[in-house]
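Chain naming follows the written order as A, B, C and D, and within any one chain the residues start at number 1.
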């Protein structure tokens, strides 16, 4: 098999995941997109492992680790998303702007955010 | 001899420093401090003058600024001219100090006043004695600043404050070209020493000499209140009267003429300068005599008269009569100081300075009446008095230039200008002097005299008596060629009547050293004198209560205001300067500081712009990071 | 003797640091400040006494040690005829400021901190004037900024001090950054940071282009400090806001570092660059003279005419004379510039002391609010102010005159490679500037000193009843405290030196002239 | 970076010396790989574009399953099974729970995509294009001979995992434990703060 096939697959998958991370607003969907990117990396690892015939099988071992870590990550990530949802009543990434410079967020949207935050804080 | 000259200069200076530093603490010592050093100076200057045997120059100096190419030396250069003028200055200064001791006896600021007069005397003596133009400039400006402080002695009044600033600024404006002229002469001759400059002028003149002397005329006009910088002197009369007598009549204002006389060979080699000087003198002479006629304030009459008489000196210099001009400087110094000091007593008696409020004062203080009459006579040029001889000497020199001319003589046009203006002015002078005399001393008092302050202090009277002597008699020294001309010598230091003179080595033709009156000009001047005085007398006889100046008609108002030159200057110089100042401040605040603030604002704005991108949306950050990474990767890949 | 020089620089630094580190009560700190600055003054006087006047052209009391050899930096100090007067002036003015601080200080912080900052400042300035290594010069130059920043920002006029201090430090730091670039450029092409060696080489090893670039960078950096028009706008703000002592040091000492740097580094090390930019330098100087005076005139009549601001703008004019003198590239001009430096330090120092005194006594420095009549309310103070103003307008016979005269003389006769016509125009502008200077200086005297008299001392008692005595308003004005004992000690030396240098300029010129000639390559 | 790229290219050139058939005569495995790959990409695209949030999770299952098949085609059996077990079995289930707990709307939703979609497209396409260029440029001639190996079998993988990689493996287990505890702590919420706990 030509090495290019898995590599191109990996690249395209990575690109799609990237788009998802950047464009999706729901935090859970962002996490899914991250999984796509991780999988793209895994494909790469496996393909190169096979191609190089590594006696240590570093590629495959690393893929296993990545899968494991991905599972842990998704667990933690979901926990965080859940907590944010409990506090703010939203899982919209673009509404979470506590890092913003004061004054940098357009006024209309800020009002929206405070409006959303208020019931959330009541819920908390 | 130079030591004595230096001492004569230094003593009043020391007195001034002590007076300024400790005068307030020891007011009792102020009078002694004011008069004694100056008395010593008088003795020293007279000793210098007497010991200065006819002709020759004694000079001694020490270096002030070792800056290579051009050295400034603190030198004393004693020759006939400086010796005799110094003696005049010191004497008048001492008399004024004595007079002031009585006149200002109740003034709480007497100590600083007296110290400033001492400082002024020192500065004037420095100007007179020094042999270096830059050092002369030092004395020149120090005189100016003393004049400023003394005019502003009554700083409680707005008039005095304004007059003081005006006097200083107008003269300072003249000093700008003067300073540049000094630089031009110094660089041209390769030295600032008067001796070197005088020797350095080539016989036919030189470009630098003409340029330098023309520029120096600015300072001469400023200091001697000649057209076009004449307007400060009448205003300067707001100072105490003794100050007017010393600074604004006898000495400082004559410094302009003195400097020209001091550098005479340089001026004589520059025809253009002499013509300009003559025009200046002629204009000043006639116009200020006219202004004097229209004034109602006693001191302003005398002030304009001073301007007019100073123009006789500058005119004499322009027409080649250096010795004649110096002669007039000496006699004028005596009679004008007398007139001012007498005017001080008159104002004291009348309780006002307005002529229209005076009248009939001759009975109140006969001594003042007689001394002032002598002074006015000398001013007018009544034949046996000193002013007659000196004025005729000037006119005689002008006549020689106009008619005979000859090699080395100034252009004939200067002679004609001075003769015409001088004779005309003689008539005008007679007119205003007569008017003053009649209106102040005769007729009835037009305003009830104030309560007498008590008898006039003796210290104020005897300087008048002392000054009357030269006022009456000084003229005779011009009669014999072996007296004043021999003493003065020519500007190169060669004595008239010495062997050099016999060999024809004098700077000018012998006729210029002959100060005796000449028939033609004398007749013309005396005739106009009689005409002017007679006309005013006739007017006065017709109506003793009315002012003879009414004859001027509609001209009177403008003439009283000096033809409104002040308003012209206000419009042409003062206001534009204020406008420029405001514009500059605006530019400074808005444009130049604007750039600075704009730089700061720009930084803030850029910061604000970058800050806006920090909107808290993590996806935007991430997109930015990745986009940057892609761009970097592509750039590197393309470059590789 | 070179130890004395080092001690004179290090002593205030150590004392200042100690004052910052150890809690001393304020009274003792003030006396400690006087003692230390007095000791430094004594040391500099010893230096001046030991200075070989016949050999003023060479560096004396030199110390030359490797410092950071990997960078080629050397700890190189020395004094010649150019720096000696400035060092003595610095020590004198700092001492007087320390004496003055025995009196009342403005609110803002402890007197201990004030004195400590003044001491650190002194060390920096002395270091600048003694440094003979470009980087050492730069370091000392920068050390000065920090204490001055705090002096303005903490003890300044409330409401103005923050922005003024900010502007001061940013503006001068920008200049310093440029200057450092210039130094590095010079080093890159010559391989040395040593000032004496660079001066001896006279630009060898640098092409014309490099010299021009380096001069531009160094010159701009120093011009900010001078300050040269149009880079001057930090100065009025800083002066207006600074406390009296800060103003005195700023005007009397800090500004001198700019012109000193030009004379010491930029002109001798980069002769071709200097030649290229001399006309601009002179033109900016002449513009500064006229411009500064015009702004002062405008301030006289403006409602926000602040006495200290006017004096600050007068500094722009006076330093214009120094720039004009340097720009002529002649011995006379540069001597004149150095003389302007010293004269301006003495006179403007005195003026700022007096302005501070007026502000302290009447509570404001705004001309319109001071109330005039200083002659009547505090006669000695008024007389001193008049003296200082007259000295400031360049009256011949006082220290301000000779520098201006020499600068103008240099402008009449500039170096051969410069355009004579241009410098004649500049000369005329500068000369007219002196008239404008006289106008505003006398305007200050008129506004502050003149006015209605005390009721007890009106003109009514004199016999002179000319036109002037009529209508003299006998409004009663309140007297102010006159010159105090501390003031006399702080001001008398300035008055004395102003008079002495004015009467006998040779005392200064004999020292500076040989060194200036050596820098110009013996010629001119 | 360029140096690394060059080295990789050189290595690829060396290894490609083993050669292989051209692109125009694909083997059966290749055809299968491409077809399954298209399915994977298509479903991945749906994951990031669908407007129904639960569908996204389901399409993710398809993507991950397809990838497991691709691993099989690459002869990495063990990885493939792990993929199925952990990803499809655990991760996706977790995600579905997450969706449910955050009350994700069932049905179409317009708020799923942020307003900055076009910049995201631009960046994603740019990154993809860059990577594609580099990868294709470097490895277009590399050939993967899969015929006669058992590199991907559970035995080989297990041996290397427990011989060579045993220490990282154990560390990873600690990491998992930490993640477990962390997740519990996080999802318990601020029990102490309001005293009730959740």
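In the analysis below, a contact is a pair of C-beta atoms (placed from the backbone, for glycine too) under 8 Å apart; a residue touches a chain by one contact, two chains touch by 3 or more.
What you see is a predicted model; the values in this text were computed from it and never measured.
A.B. asks: Report the chain ID whose CA centroid sits closest to the centroid of the full protein CA set.
C.D. replies: C
A.B. asks: Can you name the chain that lies farthest from chain D, using the mean of each chain's Cα atoms as its centre?
C.D. replies: Max centre-to-centre separation from chain D belongs to B.
A.B. asks: For chain C versus chain D, what separation do you get between their C-alpha means, in angstrom?
C.D. replies: Roughly 73 Å, centre to centre.
A.B. asks: Nearest whole angstrom, what separates the Cα centre of chain A from the Cα centre of chain C?
C.D. replies: A distance of 65 Å separates the two centres.
A.B. asks: What is the distance, in whole Å, between the centres of chain B and chain D, each centre taken as the mean of its C-alpha atoms?
C.D. replies: From the centre of chain B to the centre of chain D is 103 Å.
A.B. asks: Which integer distance in Å separates the CA centroid of chain A from that of chain B?
C.D. replies: 95
A.B. asks: Find every residue in chain C that makes contact with two or more other chains and list them.
C.D. replies: none
A.B. asks: Of all the residues in chain D, which ones touch at least 2 other chains?
C.D. replies: Each of 114, 116, 119-120, 123, 127 in chain D touches at least two other chains.
A.B. asks: For chain A, which residues are shared contacts with two or more other chains?
C.D. replies: Chain A, residues with two or more chain partners: 18, 22-23, 93-94.
A.B. asks: So which chains actually touch one another? I want all the pairs, not just one.
C.D. replies: Result for touching pairs of chains: A-B, A-D, B-C, B-D.
A.B. asks: Given the complex with chain D, which residues does chain B contribute to the contact?
C.D. replies: Residues of chain B touching chain D: 617, 619-620, 623, 626-627, 629-630, 633-634, 636-637, 640.
A.B. asks: Which chain C residues qualify as touching chain B in the complex?
C.D. replies: Where chain C meets chain B, its residues are 167, 170-171, 230, 232-234, 291, 294-299, 301-302, 330-332, 335, 375-376, 379-380, 383, 386, 390, 395-397, 401-402, 405-406, 408-409, 412-413, 427-428, 431-432, 434-436, 438-439, 442-443, 446, 449-453, 457-459, 461-469, 471-473, 504-506, 509-510, 513, 517, 524.
A.B. asks: Contact residues on chain A for chain D in the complex?
C.D. replies: 1-9, 11-20, 22-29, 31-33, 35-36, 39, 42-43, 46-47, 49-53, 56-57, 60-61, 63-65, 67-76, 78-83, 85-86, 91-94, 124
A.B. asks: Using the touch rule from the top, collect the residues of chain D that touch chain B in their complex.
C.D. replies: The contact residues of chain D facing chain B are 1-2, 5, 114, 116, 119-120, 122-123, 126-127, 130, 133-134.
A.B. asks: In the complex formed with chain C, which residues of chain B make contact?
C.D. replies: 20, 24, 63-70, 72, 103-104, 106-108, 112, 123, 134, 137-142, 145, 148-149, 152, 154-157, 159-161, 163-165, 168-169, 172-173, 176, 179-180, 183-184, 186-187, 237-241, 297, 299, 344, 347-348, 351-354, 453, 577-578, 580-582, 584-585, 588, 592-593, 595-596, 600
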